[in-house]
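Two complexes follow with chain A in common, the first pairing it with chain B and the second with chain C.
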Partner chain A sequence: MKIVNLPCKLALFSLFFLLLTGCWDQTEVEQLAYVVAIGLDKPEDVKEGLVEITYLIANPQSGAKVGGDEPPREIISFSVNDFINARNLANTVIAKQISYDLLRFIIVSEEFAKDDDFIKWMYDATKATDFRRDLRILVSKESPSTFMQNNEPLVDKRPHKYFDLIFKRGKETGTIPPGELFSFYRITESDANVFLGVYATTEQEEEGARQEDSDQIIAGEFDSSGETNTTQFAGSAVFKEGKMIDTLTIEETRLSFLLSNIFEKPREILTAMPDPFDEDYQLTTRIQRDGNIDMNMDLEKEKPTIDVTVPIVLEVMTNHSMNNYSDDVKKREKLEDSLEDTLTQKFEDLIKKTQEEFGAEPFGWSLIARKEFLSIPEYEEFNWMKTYPEMEINVNVNLRIDKFGRQIRLPDLDEVRD
Partner chain B sequence: MLQKLFRGKKEKRAYNGSKLDGDMSKDNSEKIDSELTKTVNIFKTIYSYPDNQDVTIRNIHINGLNKDGALLFISTITDTKVIDEYVIEPLLKNQDSEVKIDDLVSVPSISKTTAIADICTEVNNGSAVLFVDEETQAYILNASNFESRGIEKPENETVVKGPKEAFIEKASTNISLIRKRIKNENLVVETQTVSKRSNNVAYIVYIKNVTNDDIVDKVKSRLHTMDVDAVQNLSLLEQYIEESHVSIFPTVLNTERPDRAVSFLEDGYVVLLMDNSPDSLVVPATFWSFYHTSEDHYLRLPYGNFTRVLRLFALFVTLFTSALYVAVVTFHVEMIPPDLLLAIASTRELVPFPALFEVLLMEIAFELIREAGLRVPSPIGPTIGIVGALILGQAAVEANIVSPIVVIVVALGGLSSFAIGDISMNFAIRLSRFIFVIAAGVFGMYGMVALFTLGVFYLVSIRTFGVPYLAPMTPTYKSSKDTIFRKMLQNEIFRPGYMKPKDMKKK
Partner chain C sequence: MEQPQGRTGGKIGIKEFVAIVVIMIGTKITDDTTALLFKPLLNAAWMVPVINGILAIIPVALLMKVSTHYENKDLIDVSYHLFGKYIAFFVLFILWFIGFCFIVVDTAIYTDIIGTMYYLRTPSIVIYGLLMFVCAYGARKGLENIGSVAWTVYPYLQASLFVTLLITFSQGSTNFLFPLFGPGALEVIKESSFTISIYMDILYVFILFPYVNRTKDFKKGTWIAFALIAINMALALISYIMLFDYHSVAMQSYPYHEALRTINFAFLTNLESFIFPFWLIGSFVKFTAYLYINLLLFAKLVKIEQFKYLIPTFATLIVFLGLIAENPAVTMHQLKQTIAYITSPMFFALPILFWIVAKWKGEFKK
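So, the complex of A and B:
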């Protein structure tokens, strides 16, 4: 037998090594269809056990130099068993392999979210490997396919960009909760709190227009006009035990942010507060939580009590009653007291609502409460969800006024008019 | 002592050299004849006179002594003016009958010999030989004058701040450049003949009371075991004495800067010089010596370290950008930010090739431009740049052969590769880059990481003249820690410990 020399052997070895072990079945980027959002809905007139899936697919060609006139997105809806199976069925229409790499949202219709069976489909997402755990859950008032079709941003046309920006901004202003998938699972499984999903709609309500308080609205109630998109993202959808039960307004969502240590602090909550010096006007304030809230729990008693101290730092941005606070200590004290009272009242109202209407809190206080128990069984025995509505909760707002806008002084109106 | 060390080798060499024994000029036993005409005839045969054009034999009559004499030299490598003024003229004009030849001739160096072989060696090295009738010994007059160019600026290792002299093709000048920097009697320049037919000589330079004897001996033994007819210059010598001949990493440093060679000498390294080489070899060379430049130390500490950071960054960019692009685009799509992913996907939409092939295509094109640009005659040089950039970059993108992002990726990697100044390390990095691209195309990020790990294993395993390649980092040695970053000059106290210098402390 002829002896093959070493370089030859090495060349053969590396050739076979690459051929036998390499990943030759990979898919190139341009051969994938990127789903940005999946819609889940209960189909009408179809047998039980099916859901209507809607895919919102981003078109990479949009805005490109070559073929830039293609539309930025593609929407397809169909009924199927689940969204894992749907990947193959979608290919009867869509040419490319469906990829969930860019998937950021699951849009659920309000009707389906309120269904008892909803949670069963949500758990499909834990099975598929390419589902990110930080997907956001978005509840739309209408069906997801309608929502996606109606959602036509005029400027940020590319869907992934549009949703990214909306959520980034929503997080900063506190108008919508984070609504992440992993916290949905965690909260549902720990069975002590309610989960807040994002609430959105493309249908503007006629009669809801012109609310007295501009913050007391949910998506669909914001009255805007002009030439723009009709989609609104505002407020939260409340999920208890994996089922939607109610909604929270923008203000309530923001208050939840302030009352919770587990939510990231929104950077700029701009809101109006009553002016203690003139009933006609309101003060616009920028509110931030000044560090973590302090909780004092006494859970041993017959009626457990919780004392919550919320540190708030606040900036007064407008001053329509033209009071010069900086000159007068008494005025400042009065303002501080008034703002503290208003905020305390709002917090108490929200807590009362969660106790009476939801029977559970969205603030994640159960996590803090666990420390009060020596063992998990003791905590489970206590049953936070069941006890919560009975608790006595005292809210104390620790308010600090940071500044009065960039220019502190305002001219004396009488002198100006003189 | 050396002879004792290499006795075994010498015997082997003598046996191998037997083919030369027939060569008359090499017979050590043969002596010159006292009769001038006979001696001259012997040399006429040896040097094929008068067919050999530049071999000159000048017969003279020495006045005073009243003797005949003959001068033998090769005119092209001898300073004829010196022979004319200081040899021929005094001999012809002499009137004194008692004077010795040694006192007559006024060249700076004169010696006597009888063996024909020795005479031949001297004549081949540019000396003139004077035979005198009725004398059994010949006078060797040193008047050699080999042509070479003057000292110029370094071409490959340019610096902005620092000396701008470079080695030239004349070893004696190069040694002078080194001695100019180390004015110390302990600087030793030894010679060793490394080839048999052309008699090429290598100069081994080291500082006697710093450099470890083992390393000097190792270098000498490597030079000794070479068994070749001719070694023209150091670039060839390097390949005879290096550790592994197929390894892609260089183990001998080539530098054309005398200041760089001297800084190595002062740290206890051995420097080799040769005629016909406008550079020097530094042995042993660790990985870091290829990564450093002399300017790192000439610049102030923050500036020097800034260039080091840039170079390190460039090294990794060269190694990994193309591979990373291939890996991420083919296997790790979820790693890319959505905007970038869609941008890549949209540019790839019209490209007919898979990402791996696309990148390889551009890489090869880049290497082609580079090689062609190097070989092209200088008058048409500038055209290559324009043609390369325009045709291959712009047109390839417009024809949808490659995507614009690939052009950016390959150009970035290609440009960064120029930041690694040493040509050997430059090749090592450029070759590894191709392996990385293929690994990334077949196994993705996993392949890259595996290959990198293997590469580090390999780097750690290399030894050069007994010194670990990554020393003093791995394994750790006492040193001034001049590796990725350099320290303040005041804190560079130690010579590198892996060289085992006789004097460890610099300060």
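So, the complex of A and C:
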């Protein structure tokens, strides 16, 4: 016989396996209800051990030529043991088989996230076979079912598309953390850092909640008006040992991004900084981390010290004090010094907050510290989480002003008004 | 003994030989063997293939010296020649039995992987049956055909693994590799030597010696395959640690398949469905080769001429033995661990014994 035949035959036989999908595991795309998000909440007045599950089911047919006038989504909430069991119960209402193939995130109510038992349900996701580990964890201020019902984007109505876009944009601007499930497991298991989940809400705070600094807000505090969606994604939910303990504002989330080598660098952080030449105005700047942060650790000492050097490259986008930086070296130096000081201060404040309030850091510095040890027992004995609040941390910002916007020079205001 | 027939007189070249060996042993990193390494060695597990690789050079080199000394004699003939009828039979029988246990345990585990990771509702007997059916068919076709299949698919398998590793590296963090020595430098060396049996299968490869074209090809091929396996294993283990960190990875049953479920590439979010067919073909070739070699040994041992007819019987036997275990992910894994601990010293000692006896009998002077 010819040798060539055999590979073909074997390949054909291997195809049997692919054909197997048509036997027991056969599923028709049309007969599946694709869950895009699962909501988890602690129901009231129900016995212990039950959770309230909410499914956000996308309708792929919405917007299509046939059946295009169907609504883009379906939402169902009910109390059940866990989200694996929930698949069958949902079928008492939903006609199609529930599929988690396109599942992209888990929405947890803030109340449930702060519950001691929350982590037990999170580990269900490692058991279910079709759960992917790159799901995101989203904490909503209200219950997930309210969140999903209130969330009505006017454009991009299809939920999978809408959430994809929100997360992509949030990652680029650094307003929300990545919040991936596998890092939740990793951080919880290694017990050295805190995990940052995405924080969101559909309920706008009452007037006056907005603070002076436009970046010091979390979801719900952004005061917008007009004709648009009420959902806000801003800031992060801080999880320590698998339990939510606090929130970080947009600014703090961004500072965490800048202080961490683990997070992917956000591409465009636009933020306001005080203008050293005029107290009334603020400069809008575009900040980027210029490469990895540099850490010098001395962990042998009684009081361990860490020197952090953060390389920052910055672009000054507005200039309301109308200074001509291009002609004056001294002005540029003053600006640079002032920005450096402001940033250093902000970093120090955040570090202090993590040391005093959280007792652990979200920056993943423990991973860098692992290089200082030769073996895991030594590292575990050091106990990063316990030692961190007592450490002496010096932040040094290495700032470089890259550009002054598209046009550098501005007219002299005095001459204009003359 | 019926000799395999074909265009090349039943012999395989160096390419085919290397492909068979790498697929046979290299696929271990995609199953639960990794769990054996991660549990005791945490984030230093990637050193095991390297340290063991260096350690294993001794037995492999000694056995190589003894076995290539006799042209046209395979491991079986050599051991009869060296140890005499009874001792040789005893040693070879144990070797065969361990190999057979490996096949039963591994096929059960691969069935479990396919069942729990991809075909959730398909009964395991169907998956198992189909797996063994394809392997039996392949094994019946003889070594020459297995070799050509292995060589045909090998580049694709290596490429698919390479792509997975590349994406995993880019999405992981090198920080997880530290502290460098995991549970401590001494512990790493100690635990490594317990698990040297990850290279045990190389012993069985020596049975193929007379079927490789030239002695030189066999020598060179074994070393090339050996290096490829060690590199692939070390890189894959590094990639799992970089993606999950040692806490999470030590808890997973099948890190390779978890990694496939975690990584994504540009717009492709469910990468596992692209890689799965490649992995499946790799597993087929792996067990086809295992089955063939194991039955070759058995046939020689009990002097059966038409060993082709044994294949369907044994394949069926393997299916039923493999299905006995309840909860294969746990029981089979424990069994595998036990076998690994028992066979580790054996793998190290047996080739040395071969060499000492040969030396003592003055064989090398002839």
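The criterion applied here is as follows: the second predicted complex is superposed on the first by the 389 of 418 C-alpha atoms of A that agree within 3 Å, B and C clash if a C-alpha of one lies under 4 Å from a C-alpha of the other, contacts with A are read in each partner's own complex, and residues count from 1 in each chain.
Heads up, the rule we're going with is that a residue touches a chain if its C-beta (ideal position, glycine included) is under 8 Å from a C-beta of that chain, and two chains touch if they have at least 3 such contacts.
In this text, all values refer to a predicted model and were calculated from it rather than measured experimentally.
Within the superposed three-chain arrangement, the count of touched residues of chain A is higher for C, of the candidates chain B and chain C. In the overlay built on the shared chain, the residue A:Ser190 is in contact with chain C alone; chain B does not reach it.
By the touch criterion defined above, A:His160 reaches chain B but does not reach chain C. Within the superposed three-chain model, A:Lys371 lies in touch with chain C and out of touch with chain B [touch as defined at top]. Contacts of A:Asp101 after superposition: both chain B and chain C are touched. After overlaying the two complexes on the shared chain, residue contacts for A:Cys23 are found with chain B and with chain C alike. When the two complexes are overlaid on their common chain A, residue A:Arg133 makes contact with chain C while staying clear of chain B. When both complexes are overlaid on chain A, the residue A:Phe182 reaches chain C alone and has no touch with chain B.
In the superposed pair of complexes, A:His320 makes contact with neither chain B nor chain C. Overlap of the chain B and chain C interfaces on chain A: residues 18, 21, 23-24, 101, 130, 132.
Contacts from chain C toward chain A in the complex involve residues 6-7, 42-43, 114, 116-117, 119-123, 126-127, 130, 133-134, 137-138, 141, 144-145, 148-149, 152-153, 173, 175-176, 178-185, 187, 243-248, 251, 258, 261-264, 269-270, 277, 280-281, 284-285.
Residues of chain B touching chain A in their complex: 329-331, 333-334, 338-339, 341-351, 354-355, 400, 438, 442-444. Residues 3, 6-7, 9-11, 13-14, 16-18, 20-21, 23-25, 101, 129-134, 182, 185-186, 189-190, 261-262, 364, 367-368, 370-371, 373-379 of chain A touch chain C in their complex.
Those residues of chain A that touch chain B in the shared complex are 18, 21-24, 26, 28-30, 32, 34, 58, 60-64, 66-67, 99, 101-102, 104, 130, 132, 158, 160-161, 164.
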